[in-house]
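Each structure below appears as structure tokens.
Each of the next two complexes has chain A plus one more chain, namely chain B in the first and chain C in the second.
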Partner chain A sequence: MSQSAEPPLTDRTLAVPAQGQMAARAGEPRNYVGIVRAAVLVILAAVALTTPGFLSQPSILSLLTTVSFIGCVAVGMTLITISGNIMSFALGALVGATAMVFVLAANWGGFAFGLVAGLAFAAATNALQGFLIGWLRANPIIVSIAALALIYGVAEAFAAHGTIYAAAGTSYAGFKGKVAGIPVEFVVFLCVAAVAQFLLSLTTFGRNLFLVGSSFRAAEAIGVRTWRAITGAYLWAGLFTAPAGIMLAIRYDAASMNYGLGYEYDAIAAVLVGGTVIKGGEGSVLRTLAGAIVIGVIQVVLVLQGLRTEWQYLIAGLIVLGVIALQTPGTRD
Partner chain B sequence: MDILTVEGLSKSFGAVRALRDVSLSLRAGEIRAICGENGAGKSTLVKSLMGIFTPDAGSIAIDGVHHTMRSPQQAQALGLGLVAQELSLAPRLSVLDNIWLGSADVPLFHRRRDLRRRARAALEILGAGEWDLDAPVSALSIGQQQLVEVARLLARDARILILDEPTATLTDTEIARILDVLKALRARGHAILYISHRLSEVFDLCDTVTVLRNGEHVATRQVPDITREQLIELMLGRPFGDMYPAAAAGPDTGDALVVEGLNVAGSVQDLSLVAPRGKILCIAGQIGSGANVVTRALAGLVPGATGRVSVGDKPLRLGSVPHCVARDLLFLSEDRAAEGIFHQRSALENLLAANFSAHTHMGILDWPKLKRIGARLAQRVAIDPRRLAAAAGKLSGGNQQKLLFGRAIERPQPGVLLMNEPTRGIDVGARADIYRIMRELCAHGYALIMTSSDLEEVVGVADIVITMYRGRTVARYERHSIAMARILADITHPVQAAA
Partner chain C sequence: MKRLRDDPHMRPLFILAACVVGLALVDARDFLTVATAASSLETFATIGLVALGLGLTMMIREFDLSVVGMYSMAGCIAVVMGGTYAWLGLACALAAGLAAGLAQGWLIVRLRLGSVGVTLGGLLVFAGIAYVVTENRALPYENMEVALGLSAPVGGIFSVRSIVAIAIFAAAALVIGLTRYGRDIIAIGSDRRAAMTAGVNVDALVIGIFGFSGFCAALSGALLSYSLASASPAGLSDVIVPAAAAAILGGVSLAGGTGRPLGIAMGVLSLAVLRAGFNAVGAPPYVNEVAMGTILLLVAVLDSTYLARRVQGLVRRVH
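And then the complex of A and B:
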């Protein structure tokens, strides 16, 4: 017996062995994940820097715009992931549809009206999905797939030839170009990211979003209006995604459902590469920003290496699988 | 000869030594209690025996033959069997399927007569020979499911049974049955390692008791040679003070909550109660009595609940948690993991979770103020402020429960705290802290309503006891008329059920 020599028990001493176990169990895979991450980044940087033309001005500008389009969608996706609803497969379609709504509305009522209409359309479409998921507890994946089909179906009806062009005489020239050498798209994306990070870190809405994502039932039990948090997450996700569609329309003076093709997938890859956990309750816009840059670099390198778009899908698929494989041992418990 | 001999078992996780040089031996026909607070090393010991962890040092011998446990399958083959804290049954499968689930003996085409016979024989040992082997396990009560777990081990010829808190979720009658079964198994020559936080079971059931603390073996005693207080002191490593702080004889400050005719289809019928401020009201009842549904309904968590409820003379609308929280009715679930804690979020956020909106300027959080409040709350619920940044899921059960209590403190005005099983799965030390916090809340004018299936706790902590049987109130007792025997009779026998 040795209890006389023991220090008085406090919560700390009581809790220590249990935590030790957790740390030891969780620690090994985490370190391993860290090493893999670092290795992948080093390889990616090496490949990028040795790719001829990567450091040229056109390629850097192309990188920044690519990152901006993917990034806007990925920031929206981040909110959905944090809310505990995994992913939305409808955000790519939303990009295309928002572009069309913008061009149609701008043709009819001018640029500002187009802008408002585009944002409102994206917010409403997504908020409706969020409401179904938050209020009726519908399965988020199924809802997003249904929304995807609906958006494509409706868009088909509106644009028989697939593409809507800006009315003759209108030009968005004033909104193309650069601000202090930086593409406008990237400036817009940084604003989107800043607003999103502000929402997440500094508002009650953001806190409730993390709580709902971490444990829906626990959030209910303390009186969080869970449906509001989830609907809000989708609504903001729509608002953050919309600029990608509007900016694409401005860029090409036209809109087509093809514009958004594959964006949801790149966004999912960016969120996961950034390290936001699929099961929700954790994550940040800064991580997604880093993820979007990685995905952007890969895409630019693929283009510079002369690989076709199919390869981009293949690589994105591999990245998602890889990240999920890496994430799983750390989070499964 | 000893059936199980453990010598010098050690296991570290990183820098933490979870088990240090632990030795013990067990005879056939012996029930050994393993006692200790959370983190004492009980689960590490069990998992090392079962081949789930590989110990760093030490030896395990069965019938005097040394073995290196490499896998649970090997431990099973050597006659060791574990009933874990959480049930590990497949609810939709039959009793028979569950008994043989995962067994290496089962051939591909497995509805064989021999397996039925052996399953039946195992159930007969447990006094459950009449059960339908083909009924789904989900049709059984939790206590009966626990017996299926034991039958599973017996069917595999386990001679050394390890039970890790088998009674944590059971009612008193179900516990009594399990204890009877274990005594019968002892008479048949099985050796049993029994892990439980409930000391009454140790004294009721066990022959010997081994106390672990901080991973070390503290003492092994014959149960008849030790008193309850001595055992608690061995577990705590310090003198045992008063577990249940005395109720302050404060002035009567009125009723916080008046409930008339509460009804929940299928669980609560026409229940009325009055919860005075500064008092702990305990609703005692077995699982299925509806006691824990009453608290859930009052918290707004039961959609179909009806009844006239008023909080401080204002009527309360049932069925909306946000509304109930706005009226300062706060709920603490018995299911801390699923309905209480936000595992990935920090301890600080967990403490503040219910009160974020109270500390905002136009929707923007006042983080400096929130951090100050968090630090103060941590101090009041006895959590080390340095742990506030840690993810709540990594804290011990006791600390997690304190976080939940922290949410209820420093409300704009004292409210009503609705608690289901507030000390379930919590060690003796944290338990004492929680009773102290409860009394402090009383002193601040809160009304506390709790349910508990631990009768000793009910008698120790309650100022008012309401007993329930099958959804109805049986009787109401005040401080001096609270007696364990009467409560037990009320909640187990329907005789008086029309009070």
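And then the complex of A and C:
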């Protein structure tokens, strides 16, 4: 076994397979991956459609909002995964913290101020992590776990009792409604996804991001400012994650760190199920959108089948393991 | 003295000394007590073995994220299976930890997958099982005799739990220091291809280290649940933040190829003293969490691949 020597985690090798090699490697395994994927989708659809109440209106609405919250975080995560940094463990904590910043700022200076403060906070927090990861090449997993601990610790210092409520008399009723029968949350999510896909497909930043993700050293060798691409990926990931926190705060007229619990895992599961590869350099927002819908359907079906939310971790874990074991066999991260 | 200072393995000793002196300066009367020493050793027992397993996977340039999930799951297994016979529950938990670790190692080696991805799946599956079994509540353990016995002081400041942790550290230090496994591990971490060419059985060692990491996490999770007389799922940041920080403080690099068990033990001990010190001087609980997060962020920066290059660049620009 002379193949398993690619260095994980911190560094990538110079070896970029030639186009032909890549096609040859991808050609054959893709077939059975495609079959497995189709089979899983058919089974999921069958289970969903035979679950009583799945096609009822409240269930569909709850599916759309679930997909929106997971989706915003997953779109952010997609940029991080494409940039070659696997995942951020801090995005769930960022959702809770952004909700808190939004409520605090909105109580003090009004709704618009809260919105700006929430977005700015999320962008800054994430960009700082991205800078450490991109400029210093610090380990992305360790940096995001440290950020997770710091965000929780600081939030605990600020909100001793855990929950911050919107000031008496404020109600964000106008933002809880529907646009043409579709929940506002879903419209916001579609906007987030559109902006992200635009960034990835039509800008220099997007092109650089794919380059950096597929081979860091090659990108550096051809003169890409790698640290800018990575910092940018984290900054945008913060901006895309923030709406999930703000929308949760609007929904409950309150904010708590518990709101963000587990979102990072649902998000990475959505990213991987969609088919974005964990080693970076490949993927799209459209795939993540499909992945978020799959995860959302699973969660709604779980609730309708009477299974508790505790099952979500287990299911997300089995999905991640299954997808990773199937993903591009023969290449290491 | 200069040689002592430049030896990377002495770094944790200096950090430990700095922690003790710093906390003693803040509040010597509350900090320099037998109770603080005992509570440091309890924390050492809680995170030490996780840091050892995680540190060993880092030494071979891998990363075992699943330790937190294993930690929670082993506690649940021990409490559920050990109702009548504590040893039976412990044996089940250890077997599960070893088997799950070996299975992850096998997946990484055979399917040539990245360890972060595989152990992320493992983390979620193990934590998920813990959540399902406990229904996200604390699962009580009725056998109070075992619970009290495990935390009862032995020789003033030790307990059964901390003695077990110290014994495993000693065994690991002996095996790695005196047998060829130690050199093989460093060789794999430094250059895997060269190690393979030199005849190191890389696959077996990688699988074995993941098995050991699962075993260590299961052991400390099970013993902690017994001594607390309850099992509940642990949050990600509770265990892995101090464990990873301790391993890096103790001289392990994420780039692989450096570190040794005694260094990791020193790293764990400094963080344990810090935590016990915060408790002794009456700091609120979030101080510990913020401190651990800050330390982990700092060591991540100090361990980063481009730090030297960036610092040189800045210095050049100034001149």
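By definition in this document, the second predicted complex is superposed on the first by the 301 of 333 C-alpha atoms of A that agree within 3 Å, B and C clash if a C-alpha of one lies under 4 Å from a C-alpha of the other, contacts with A are read in each partner's own complex, and residues count from 1 in each chain.
Note that in this section a contact is a pair of C-beta atoms (placed from the backbone, for glycine too) under 8 Å apart; a residue touches a chain by one contact, two chains touch by 3 or more.
Note that the structure is a prediction, hence the values are computed from the model and not measured.
Enquirer: Residues of chain A touched: more by chain B or chain C?
Expert: The larger set of chain A residues in touch belongs to C.
Enquirer: In the superposed arrangement, does A:G306 touch chain B (first), chain C (second), both or neither?
Expert: neither
Enquirer: Let me test your reading of the model: by the given contact rule, A:A149 touches which partner, first (chain B), second (chain C), both or neither?
Expert: second
Enquirer: Applying the document's definition of touch, where does A:L136 land relative to chain B and chain C: first, second, both, or neither?
Expert: second
Enquirer: Where does A:G181 make contact in the superposed view: on chain B (first), on chain C (second), on both, or on neither?
Expert: After superposition on chain A, A:G181 lies in contact with neither partner.
Enquirer: Just to be sure I read the superposition right, which of the two partners does A:P52 touch: chain B = first, chain C = second, or both, or neither?
Expert: Touch partners of A:P52: none, neither chain B nor chain C.
Enquirer: If you stack the two complexes on chain A, which partner ends up touching A:G223: first (chain B), second (chain C), both, or neither?
Expert: first
Enquirer: List the residues of chain A that touch chain B in one complex and chain C in the other.
Expert: Shared contact residues on chain A: 1-3, 8-11.
Enquirer: Note which residues of chain A are touching chain B in the complex, please.
Expert: Its residues touching chain B are 1-3, 6, 8-25, 27, 202-205, 207-208, 210-211, 214-215, 217-225, 277, 281-282.
Enquirer: Which stretch or stretches of chain A touch chain C in the complex?
Expert: Per the stated touch rule, the residues are 1-5, 7-11, 86-87, 89, 132, 135-139, 141-143, 145-150, 152-154, 156-157, 265, 268, 278-279, 308, 310-318, 320-322, 324-325, 329-333.
Enquirer: In the complex of these two chains, what residues of chain B are touching chain A?
Expert: 13-18, 37-41, 44, 213-216, 218-219, 234, 236-238, 299-301, 321-322, 324-326, 330-331, 333, 338-345, 349, 353-354, 356-357, 360, 363-365, 367, 382-384, 387, 390, 394-396, 398-399, 402, 407, 427, 429-430, 433
Enquirer: State the interface residues of chain C toward chain A in the complex, per the touch definition above.
Expert: Residues in contact with chain A: 61-63, 65, 69, 107, 109, 111-118, 120-129, 131-132, 135-136, 192-193, 196, 202-203, 236-237, 240-241, 244, 248, 254-256, 284-290, 292-294, 296-297, 299-301, 303-307, 310.
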